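Next up: the structures, one after another.
Consider the two complexes below, in which subunit A is the common component and subunit B and subunit C are the respective partners.
Right, the complex of A and B next:
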């Protein structure tokens, strides 16, 4: 057995996994505040990347300014999605809400391709392609930056949940009726969580786009995001971070062994298997609350 | 008007439990059935084979999904995978020389056995988690179908479906294929119509409303969830086989991808959960909409002097499709079936609107 290869795929897998958890954090934020499973998170990631490119290429803004402008825009987009589409569905059966997020997924994905076209484009954020040497291991520089950003986002959220607005969001996620009755505006809190998750999606979109380019395949991060979110417990942001590392390592190691056996593309299979296993064995995930309805 | 009712006055139980308690419904269904039978004579064969036939097949598929979603209240985001299993099993069986009539039953049975796999998820979790696990199973099935050469013949392969032979007679004409689809659709529809009059249908509805309340009144919810999943998978599998046999004539893994699952789900939601006529409307709406949208866009483009790039034209119908799903959920969450039944309720007692109260 080649230990260096194993270690390398584990380390790189862990870093990729942290980038998955950026997608998962958006799902968790929305689920925490409103119990809505957002199946449009992948499409929001893709839209965020396209908006950055639109500011950078069409408005000729430098890339850092384009990213900031895109974050502000996506903040508004997240608010708008909640206001127009989700608020009126509050209290409806979950099938309607799931279908709504699927409809949003189709609309955002096809809509951004209608406006900007579907051909793949690079996302130049100035990270060099040279590998980073860590002893004998070769580490992808973009993955390392992405992982650092994911950890930084997690730290930001930990700090945010200690501010006044963060306490409001925690109250809503604990019990929204009780939050309502003490005068917290639940609608505004939920809208804020959508906006924040759109911002996280934009950041995830930029990082993933610098790995694989800006095109439709960014929306397929949804499966990874959902797997990580469920594995970590749908209402735990720290869980999403750790589950991301776990899934990344399992996927990286498994893919390096299974790909030669199965002829490639075993990553999606590993994801789906992890998702099914999690739901069968421990549906509330690693760190989720235990009040999930089971039969 | 059509119905000429002034209230509901049944004098015996048999009249109340009739399949169509109102005679106008019987007449309308009879006339519709006659129109459906005469369609190949009345309508251009291009329309029959490219609109009516897929509509009927997809309606049968949507009804099967409606059984699990609208009647038993269980999520199924992997319906296309089940249809794919049926289709592949049937194609392989016919290629091995088994007569087509038996092969589709075999295909349905295979789909039903594997579909019970989805049910084991339903025995364990419900709601959102069931939705996610069926979605994951769809990905697993997709992967297995496209990556196992014994099933699909390789990742990029297309498997030619042998021509349909019914009782030894080859069915190749457009009208013949249309009648095959029509027979299947009528069979599924009459099964679903009668389902709500049977103990099975009532048990499924009890499970949908609250599974432990159903258990309290003596309905074994595990058993009925299994029955619902396997029945709906059987319908899905046979529908997949018929879709391949009558419409596509060849089978590839992409025909049963996750997008197709979402499309089937959209048919049920747009049509209305638990509504039979809604499934007809929903299937027609989802199938006809992209074509209608394309026509509308090109009409609008010439009318108002827009010019769209090719990429825009390629993706705009898809975006409008998403927007329509959202609009339906916001405006009429119970779907087209509810709109139909509102109109019907109004006409039922027209012009004596006061008898409703």
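Right, the complex of A and C next:
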């Protein structure tokens, strides 16, 4: 057993996992404030990255400004999705809304292909490729930055859900009709949750794009996001964080030891196993809320 | 209601509600609630009581229903076109059937969530007021509301409605599934709020016995139509009401039962 390799895979895996958490957090945000599982989160992550590039390359903005402009733009995109696609679905069965988010996913992916083409482009955010040395371990700098951002976003959202607005959003996710009955603007709450989620998606998109470039494959982060969100419990931000670390470590370790044997598919196998086992053994995830049944 | 009664808070005139464009749920309901008054809307399951309340609070949108005909006035203002949020802001509070508290929120958070239309400053004062009416909620303010008892949840649902500073409180079956002593306690608190704050109350009930004890007037609704309206005293004495809604005047022997042939008098 190569202990150094094991430790290195585990640490880098954990950091990558936190970057998965960023994608998962977007899913959790929407679920926690409107009980909708958003299947368009991966595509929104991809769109965020493209919008940053659009500002940086076409409008010649410096990259930091491009990111800020993209965040503002994506906030608007999130609001617009609620207004155009979701508002008329209020009161319909959840399966309709789920299918709508799937439709959005396809639309965003195909739309980006039409506008920007399918060629991968670099996302130069100025993080060096040189590894960090942590004792004998080599740590990827981008992963480290991504992980730090994920932890910061987590702290931000935990605080947010304690504010008045945060309590209102949680109330909406519990019961739309009851929320209406006490004068909560359910539509505006749902719009805000989509907007916040689009912002997180942009941040995740930038970080992931700096790892793997900008193209439609960024949308496949949905699979990681869903796995992490379900494992952590769909409405738990902290759960998304810990589940991300857990999945990342298992994935990283499995990849470095099993890939030579299985030929590169071990990460996806680990994902599939995690998702399926979670749903079979613990459908509420590690920290998800249980539906309260009084007896 | 005759012309020299006090000002009306709420007045429904010939309201008709349709679900999904086809199914007619109430067929021309007219109701008045006087300012500071307490009025009951009585009727059996499926008679249209809840639909009537939802037409007033605007919650029909959650069930794809709409008011197709008739006039809804609140404090002399037509409210038919307003969103539920605007109606709450005007002072209409609807306590839903089955309590519907935000189960994963604590009672304290339930009350905070319900003050979305009022200012931050009012929130703490309103919370004090709710806790003074329902001290038991204060004791349990940090538990997830889903774990409260049925009675406590009903108190929370009423308290939540009070957070919006209503002028009209509409209660949909507050006695549902509660022990008689709790029903008495909750009805007593409702009367107290009515008296102390001059809050008008529209009470929807199947439990006609309990309801007629605290209201001044009652309406009787059957298959979407108001079939009777009178003071609570008169309604209690009405032989048909006694038989169909107050559990019958006397015990019957199954030998001489002719119940099936007995028609309600107002159906002619």
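Going forward, the second predicted complex is superposed on the first by the 287 of 295 C-alpha atoms of A that agree within 3 Å, B and C clash if a C-alpha of one lies under 4 Å from a C-alpha of the other, contacts with A are read in each partner's own complex, and residues count from 1 in each chain.
To be clear about the criterion, a contact is a pair of C-beta atoms (placed from the backbone, for glycine too) under 8 Å apart; a residue touches a chain by one contact, two chains touch by 3 or more.
For clarity, every value in this text was computed on a predicted model and none was experimentally measured.
Engineer: Could you tell me if A:20 is touching subunit B, subunit C, both of them or neither one (first, second, both, neither)?
Structural biologist: neither
Engineer: Can A:154 be said to touch subunit B (first), subunit C (second), both, or neither?
Structural biologist: After superposing on A, A:154 lies clear of both subunit B and subunit C.
Engineer: After the superposition on A, what does A:55 contact: first (subunit B), second (subunit C), both or neither?
Structural biologist: neither
Engineer: Which partner does A:265 reach: the first (subunit B), the second (subunit C), both, or neither?
Structural biologist: So A:265 only meets subunit B here.
Engineer: A:88 in the overlay: touching subunit B, subunit C, both, or neither? Say first, second, both or neither.
Structural biologist: first
Engineer: More residues of subunit A in touch with subunit C or with subunit B?
Structural biologist: Counted on subunit A, the partner with more touching residues turns out to be B.
Engineer: Which partner does A:143 contact after superposing on A: first (subunit B), second (subunit C), both, neither?
Structural biologist: neither
Engineer: Return the residues of subunit A at which the contacts from subunit B and from subunit C coincide.
Structural biologist: On subunit A, the residues that contact subunit B in one structure and subunit C in the other are 292, 294.
Engineer: Sort out for me which residues of subunit A touch subunit B in the complex.
Structural biologist: Subunit A residues touching subunit B: 37, 85, 88-89, 92, 94-96, 98-100, 102-111, 113-115, 117-119, 223, 226-227, 230, 262-263, 265, 268-269, 271-273, 275-276, 279-280, 283, 292-295.
Engineer: Residue numbers of subunit A touching subunit C in their complex, please.
Structural biologist: Spelled out, the residues of subunit A in touch with subunit C are 90-91, 164, 167-168, 170-171, 174-185, 289, 291-292, 294.
Engineer: Can you list the subunit B residues touching subunit A in their complex?
Structural biologist: 69, 75, 121, 123-129, 131-133, 135-137, 139-140, 143, 147, 211, 262, 265-266, 269, 273, 309, 311-312, 314-316, 318-319, 321-323, 325-326, 329-330, 333
Engineer: Show which residues of subunit C lie in contact with subunit A when the two form their complex.
Structural biologist: Going through subunit C, the ones touching subunit A are 57-59, 61-64, 83-85, 88-89, 93-96, 100-105, 109-110, 112-114, 116-117, 120, 144, 146-147, 150, 160-161, 163-164.
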